[in-house]
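Per-chain residue numbering starts at 1, and chain names A, B, C and D are given in the order in which the chains are listed.
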Amino acid sequence: MSFIVDYYNYWIVVFLMMAGFYIVISANNLVKKIVGLNIFQTSVFMMYISIGKVSGGSAPIVAEGITSYSNPLPHVLILTAIVVGVATTSVGLALIIRIKSAYGTVEENEFKDKENLI
Amino acid sequence: MLVLAATSIAILSVMALALARALKADTVYDRILGVNMFGTKTVLFIAAMGFLSGRPDFLDIAIVYALINFIGMVAVLRFFEYTATDDSPESSSTSEDQCR
Amino acid sequence: MVEFIDLVLLGMLAITAMRIIFLKDLFAVVMLFGIYSFLSALIFVNLDAVDVAFTEASVGAGISTVLMLGTLALTGRKEKVNSHTAWLPLIVVVVTGAALIYGTLDMPPFGDSNNPVQQHVAPRYIQDSPQEIGLPNMVTSVLASYRAFDTLGETAVVFAAAIGVLSLLGLPKQEKSAIESGLKSHLVLRVVAKLVIPLIILFALYVQFHGDYGPGGGFQAGVIAAAAIILYALVFGLPTAAHVIAPSLLKALAALGVLIYAGTGVASFFLGGDFLDYNVLASDPVAGQHIGIILIELGVGLTVFAAMLCIFYAFAAQAERTNIQ
Amino acid sequence: MIIEAASTLFLILGAFFSLTGAVGLFRFPDFFTRVHAASVTDSAATIFIIFGLVLRTDFGLVAVKLLFILIFLLITSPTASHALAKSARHGGLLTLVETEATKKEDSD
């Protein structure tokens, strides 16, 4: 039982990561691929935060009467990663808009016939 | 303390129900309604959870949730206006698809 | 209790992810993705990462959802059904997942305070940063002082992303005769938006300057302020918003933010310290740290605000252009 | 003591109202009644739970923040529901009565 309590967090993170991965490699629609990429990304964030958690600890903001804090380092890494993640997502979405205006489609399997357009 | 825990669990189950509504909706509007309810209940849940863990000074996050939930709703409505003027037959047919 | 809430939230997250895989209506996918972001932010709160939750709720759920909806308005909301079953991806995913789960078995147990991660740098940050930097919020101390180099890089990435989006999509042109757009028929919404926007901006300022003491800081404040203007643009139309905050001003602000950040570093250079070493900014090291952190948080806030708003303007301009044609 | 009892009462009432709202989200027959159920109970539950929590603070900054949340939710949540119902109406969604009326017309 303690085995499950020790690891369930990581397992669900792996599950989410694989769900995102599946969307990225199986979906044809580029917007959906971006959503999948974001799910993948969020699961990585969650992995880091789970690693930084200390049982019985509290948020790393000093307050009276609290002795045990969670690890602040993963929080810093992930905080900036989230903002950068959204910035890169927006570049991806902008590329999709350009692809739509150039090719008239955002479905991956429909590009095949149009390869010589490039 | 017990009351707080009970309230948190009640709100959590309401969130689960709203999520179920959003996942399995008859129409698009029902889905949005579920999402909206999920958002407002989350605000309350964060507030209750802060008291439960003994550090209620993190209410800022609840405020952000409330703000972003509202902005998200407005964005969704705006999206509807676009698709309604853009290709109304298609957008109405998609909502019909989900309806039946 | 923490574990129970964590388990329930993770379960909801897994169900949402499964539903996203099978939905073909992209609009619903984006809505569920918004829920997914909110849920993960809740999990971050539950795992004590309040600053991260703050960022995820504002950036992940707010800005990404708005941008994805803007993209959908241009690319159509139906995903085409592909007839063949995707066996190969499924096998790849199952094999990778099994390998990863096998890998997790060697990881130290969740939440144990004797884990290797908790032994190395973290104790120093937790014990010394309140004295060295003089701020209660350790995340801000680490973000803005110990790892200020890293944050400078991240700010530059956000700036670069804004440039990338602008070069791909272009900013709206300021035309006098631009067509009125926005949610004209929603009178209640227009009145309430006017009421709410000042509150949002006030809250953004609070987050910016209270970030040293509670959750918050430049990244979050920039996004919240941008969200206020985004709300204005959504309700009253892009031309009106572009009239209030001109796109050219935003370009200047985005650059100015990075400049303030790097300039603080150069200033500490000239005062005899290392790059981004704030101890030399004032006679008292702790006061110097305060000045330095306020300056660079301001730089971060300005850049993030301007970059996010630029990106939104670019998307909205595309959407309106297509709508008018 | 009285404050604690009042807080408990408010929290229980709030939890009750949220649960009824969630049930209404599933049990009501058409979209507009569902909006009604969701938004009315949303506001009621928000008021009760926030007041219940305010009574547990020492009436400092935390209480002010809670009241800010309350005001904000009381402004935005009904607005969102109203706007949603309005755009659903524009989008051509019918109430249950209207759906039945159109069905009757069709069969006549």
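Note that a residue touches a chain if its C-beta (ideal position, glycine included) is under 8 Å from a C-beta of that chain, and two chains touch if they have at least 3 such contacts.
Here the structure is a predicted model, which is why all the values come from computation and not from measurement.
Asks: Counting C-beta pairs in contact, which comes out ahead: C-D or B-D?
Replies: Result: the pair with more contacts is B-D.
Asks: Would you mind pulling out the distance in Å between where the CA atoms of subunit B average out and where those of subunit D do?
Replies: The answer is 12 Å.
Asks: Approximately how many whole Å separate the CA-defined centres of subunit C and subunit D?
Replies: So the centroids are 29 Å from each other.
Asks: Once you find the CA centre of subunit A and the CA centre of subunit D, what distance in Å lies between them?
Replies: It comes to 32 Å between the two C-alpha centres.
Asks: Rounded to a whole Å, what is the gap between the Cα centroids of subunit A and subunit B?
Replies: Going by mean C-alpha positions, subunit A sits 21 Å from subunit B.
Asks: Where in subunit D do residues touch two or more of the other chains?
Replies: Residues 72, 76, 79, 83, 87, 90 of subunit D touch two or more partner chains.
Asks: By residue number and range, which residues of subunit C touch two or more other chains?
Replies: 2, 50, 72, 183, 186, 189, 196, 214-215
Asks: Where does subunit A touch two or more other chains at once, residue-wise?
Replies: 58-59, 61, 63
Asks: Using the contact rule from the top, write out all pairs of chains that touch.
Replies: A-B, A-C, B-C, B-D, C-D
Asks: Name, in rising order, each residue of subunit D that touches subunit B in their complex.
Replies: 7-8, 11-12, 14-16, 18-19, 21-23, 25-26, 31, 34-35, 38, 42, 45-46, 49-50, 52-53, 56-57, 61-62, 65-66, 68-69, 72-73, 76-77, 79-81, 83-84, 87-88, 90-93
Asks: Note which residues of subunit C are touching subunit B in the complex, please.
Replies: Per the stated touch rule, the residues are 1-2, 5, 8, 12, 15-16, 19, 25, 27-28, 31-32, 34-35, 38, 41-42, 45-46, 50, 53-54, 57-58, 61-62, 65-66, 69, 72-73, 77-78, 182-183, 186, 189, 193, 196, 200, 203, 207, 210, 214-216, 220, 224, 227, 230-231, 234-235, 319, 322-323.
Asks: Could you list, by residue number, the parts of subunit B that touch subunit C in their complex?
Replies: Residues 5, 8, 12, 15-16, 19, 22-23, 25, 28, 31-32, 35, 38-39, 42, 45-46, 49, 52-53, 57-58, 60-61, 63-65, 67-68, 70-72, 74-79, 81-83, 85-86, 90-91, 94, 97-98 of subunit B touch subunit C in their complex.
Asks: Considering the complex alone, what residue numbers of subunit C touch subunit D?
Replies: 183, 185-186, 188-189, 192, 195-196, 199
Asks: In their shared complex, at which residues does subunit A touch subunit C?
Replies: 5-12, 14-23, 25-32, 34-35, 38-39, 42, 45-46, 49-63, 68-76, 78-80, 82-91, 93-98, 100, 106-107, 109
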